[in-house]
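Chain IDs A, B and C follow the sequence of writing; residue 1 opens each chain.
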Amino acid sequence: MPNWTAAAAMLVAVLFFNLLFTPSFFHVAIRDGRLFGSLIDILNRAVPVGLLSLGMTLVIATGGVDLSVGAVMAISGTVAAGLIARPPETPFAGGKSVPALAIPAALLAAMGCGLFNGILVAILDFQPIIATLLLMVAGRGVAQLLANGQIVTFSEPSFAAIARGATAMLPNPVWLLAITFVLFSLATRATALGLFVEATGSNPSAANLVGINARAVKIAVYTLCALCGGLAGIVITGDIQAADANNSGLYMELDAILAVSVGGTALAGGRFSLVGSIVGALLMQALTTTILTRGVSPEITLVLKAAVVVTVCLLQAPAFRDSISRYLPKKVPA
Amino acid sequence: MTSILELKGIGKRFPGVVALDGVDFDLRAGEVHALMGENGAGKSTLIKTMTGVYEPTAGHILVEGNPISFRSPDEAVRHGVSTVYQEVNLVPNLSVMENILLGREPKGPFGIKWRGVKERAEKAVRRLGLDVDVRTPLGSLSIAVQQLVAIARALDVSARVLVLDEPTSSLDAGEVEALFEVVRRLRDEGMGIIFVSHFLDQVYAISDRITVLRNGQKVGTWMAKDLLKIELVSQMIGRDASALVRTESIAQAASSGEAIISAKSVGRRGSVSDVSFEIKPGETLGFAGLLGSGRTEVLRLIYGIDHSDSGTLIFDGKSVSKVRPRDSIHRGIGFLSEDRKAEGIFPELSIRENMLILYQVKQGWFRRIPLLKQKQLAKDLAEKLKVQPPDVERSIQQLSGGNQQKALLARWLAVEPRLLLLDEPTRGIDVGAKFEIMSLVESLRQSGSSFVFVSSELSEVVKTCTQVVVMRDRKAVGTLVGADITEESIVEAIAS
Amino acid sequence: MNRASLLEKMPVAITAVVLITMTVAAGLHFPNFLTLRVLTNLLADNAFLGVVAVGLTFVILTGGIDLSVGSMVGLSSIAVAKLMAGGHMHPLLAMAVPIVGGAVLGASQGFLIAKYKLPPFLVTLAGLFLCRGIALKISLESLQIDHPFFNVLTGWSFALPGKAALTAPAVSLIVVVAFGIWLARQTAYGRAVYAIGGNQPSARLMGLPVDRTLIVTYGISGLCAALGGVLFAVYTSSGNAISGTGLELDAIAAVVIGGTLLSGGYGSVVGTLLGIGILGVVQTAITFQGTLSSWWTKIVIGILLLVFMLIQRTIESVARRAQNA
């Protein structure tokens, strides 16, 4: 199984560090019938990256990658905000505000993006990095086009509640992530989809020989990944009650890739772990929150992420393991 | 005559495998010396030790009498040992002249002197009697010409030893002759040439001496003119003393019923041509022939990995074309690749998942086999095939080669195919596992399943097959049935 | 046409035709478009992008990718401003420090890619984070540069007829392109880059210094990106940590549109210059048009990129068929 114990251990260590040095970190208060505190904050803020990492896990397990999810977030947020606010001089201008349609339309737009990526990768056989780079560039342009370059603001309590409300003491986004996680787990592990994804990433030639339809598998995972981008876009848009086509989800695809790799899913494809990716997303957020509460400048999180990416890559690389193994005590085979 | 390259007592072990064991070899100036052996005999390992890719774990190498150890291909080249590999190891995107001189271009004050490059390259190709514009991009030339360019590059560094590792595999007869012309010219200039090939006729056409390897050991060295072709084949294949005699049931197996599949002069350009056969229920069809004779290619055509472009394939009485592996699986045809690692196992997955993935594919992605049932099925299969260790939750990578092969066989048995194509199912596995796999094939055949069986070990082909198609140089050259199938008759058909 | 020359010449030829067609079309549509002044402005406005793209061309020729160039531009531009403002460093030294730093950082990425076979896109992704983090750490605010010597540099230009003038960044771009062409065509290093992109295992068996070449290549890309940042500082008389955001994508687009194959081995620095030309003409035409908004640039670049990728794919499959026949 993919090894996410290291990520979990790091998460525990970060929390332990806070237990020692930031006593208020573990305070959880109940106000207005919901929980407040740093821990809840970590959970809540980890949601967008957590959502992205679920879809990204499947894409990476097939041996691919999706750089476009940040732009997909911008598109889905803009579609949702557009249908609610009906801003002038945009394609949405003039109609009635339809909050009920906002979410399905946003998710549909996102899945359209995913289908586009999937076709480029699976049918036209473009390298995943480049195929998804395309939408990463143009997608943001499309989002700006839809918003006519404005930041689309709106005031729609029912939509904002998705991001700002709480149910059974916990913020709604946390529930959204939990439900998505359960659905993804069921979709991959209660069916054979997960096995086919792993087989495709583990050995594409062998997958072809046992009759797995790798094209269909790939199109499915890129579509699911974009769907996650759509959900994350809705959460962010609901949170600030505005869609910012320029900055919504910027660099978040990179955070998601990071969460997945920290969570033990090998970047070369094969075995994946959805739990691991969630742990990875929580770890990244816990680090960020810790840095903020310690008063260290937030820019350092970027440097820290860079260090984590390189470390994780090196530890996964056979060439690096070989080169350090001579300095390590020999493992006795069981 | 003096030896320009001598190998003494060369041994090479990899973790858990002895690839070479005390091999002596010598190459004289002005001779073509053929190196022969079946797959796994140690040919390529020996080539790699004398060209600096591997360092031997025992023995030493002498170049013109001086002991030398090569630590890299580069160093071997500097000592005058150059290699031309089967796949042309040049870069297709650069011109002929650049490929000849890459890394040692003449330079002037403004960098590379292209006029100098062109002149030197032209001289090099002229030496080989090759008429080609050296500014042409390499990738646009035929493989044969690329091969000659590779030789030109090897010669540019005043090589004394030229190693040709299966240079003719992708050449047609005329191209081979052109290559041999060059080889003879170089030999007459006093160069020592090592020639590796699976094509017997070519070996006899060009070689002065022949050395045969088997199982990592040297069998012997002969003058080519003193060694009969049939003797050479038996030296290469060896006689397996433990071989069982062909059982009565196989010799007398009478085929009945409609053919599952039949091929009429099936071929594919650049691959195989003119292959015909018919397989009925309860038959095991063997393809015999040396490595590279086109056996694997035929299986790939049947299964639908490659597509034939001539002749007809008839399945259950209906002509089929453009089959994909997926279609074959649904028709009840299975395929076990000779390359376990590249086309067989899913290294990250467990033994259970590796065994049941096909079953799952046939069920469809939505109807997942419940875990308990999976475990039971995998356990039963592991027991039936005696997979060791029997813990099916382990990673498949923890199994030995033979047990991995059994697990892959189990993958197919789980879906009970009507016809299973087995490509070298016994290669690289221990004797016990070999025996078990062959017994299993035979017992399944008796209960009505059909097989295609490809093996380099003639004794295995003789033991398991009810009919044998003999392949040579990518053509079917004969079919043997029933009592006619003996090692001798197959060897004769290969060598004739 | 045979396979290799098809792959070598067709994409660049298509790019050149597209560039000429677009320029002529724009010239017919907008009366003042076809002037020397518009051309020199185009060079000045795209100088930093061009320099970055030249460095990236070498990386893509080896079959790799460098995503860190955009943040490197930001880091280098803010570093120049900070070194001059806070450190009272002489502008020449203040410009040299980031350039050397960029080369070293790039080479370290190359080291990880060559020695440990890490995927280039992940290593340079880490580089992207690292550079942007350090840049933001240096200053969140944009820093104005005001130094007599630097002002001379910013104001300097080489006058040409028709009110046109070559600014310092434009001249730098021309120098870098010329140097890049020489490096790619005339040096053993340059040929090794093509060989690695053509077939890396073969290049190794042919005895070429594959690891060293890769390290140098990513070093050159880092150096060019840092130089791009310095030019950006000269162009805007300021340093800004978030400058160059998303620039890596424009640079990749320029390289690909310029006919360099993403799989490596085929392409040229000249092609990249043509690619920059196409991006510049699109940008200028959109500005000339006046009513089209800036995001159309992104969408048009995306569409152009897709079209050129499809063209490359088609040429590749035609070439493969020609090879088999």
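Here is the rule we use: contacts are C-beta pairs under 8 Å (C-beta built on N, C-alpha and C of every residue); 3 or more make two chains touch, one makes a residue touch a chain.
Computed from a predicted structure; not experimentally measured.
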Overall pattern in which the protein chains touch one another (line/ring/star/complete/other): complete
A-C or A-B - the one linked by more C-beta pairs in contact: A-C
Distance between the centres, which are taken as Cα means, of subunit B and subunit A, whole angstrom: 46
Chain centre separation (subunit A, subunit C; CA means) in Å: 30
Contact set on subunit B toward subunit A in their complex: 303, 305, 325-326, 328-330, 335, 337, 342-349, 353, 357-358, 360-369, 411
In the complex, subunit C residues that touch subunit B: 2-5, 7-8, 182, 185-188, 191-192, 194-195, 197-199, 201-203, 205-208, 265-266, 323-324
Footprint of subunit B on subunit A - complex, ascending: 190-193, 195-196, 198-199, 202-203, 205-213, 266, 270-271
Parts of subunit C lying in touch with subunit A, wherever the complex brings them together: 65, 112, 115-119, 121-123, 125-130, 132-134, 136-137, 140, 245-246, 249-250, 252-253, 256, 262-263, 293-299, 301-303, 305-306, 309-310, 313
Residue ranges of subunit A in contact with subunit C within the complex: 65, 124-127, 129-130, 133-142, 144-145, 148-149, 245, 250, 254, 257, 261, 267, 297, 299-307, 309-310, 313-314, 317-320, 323
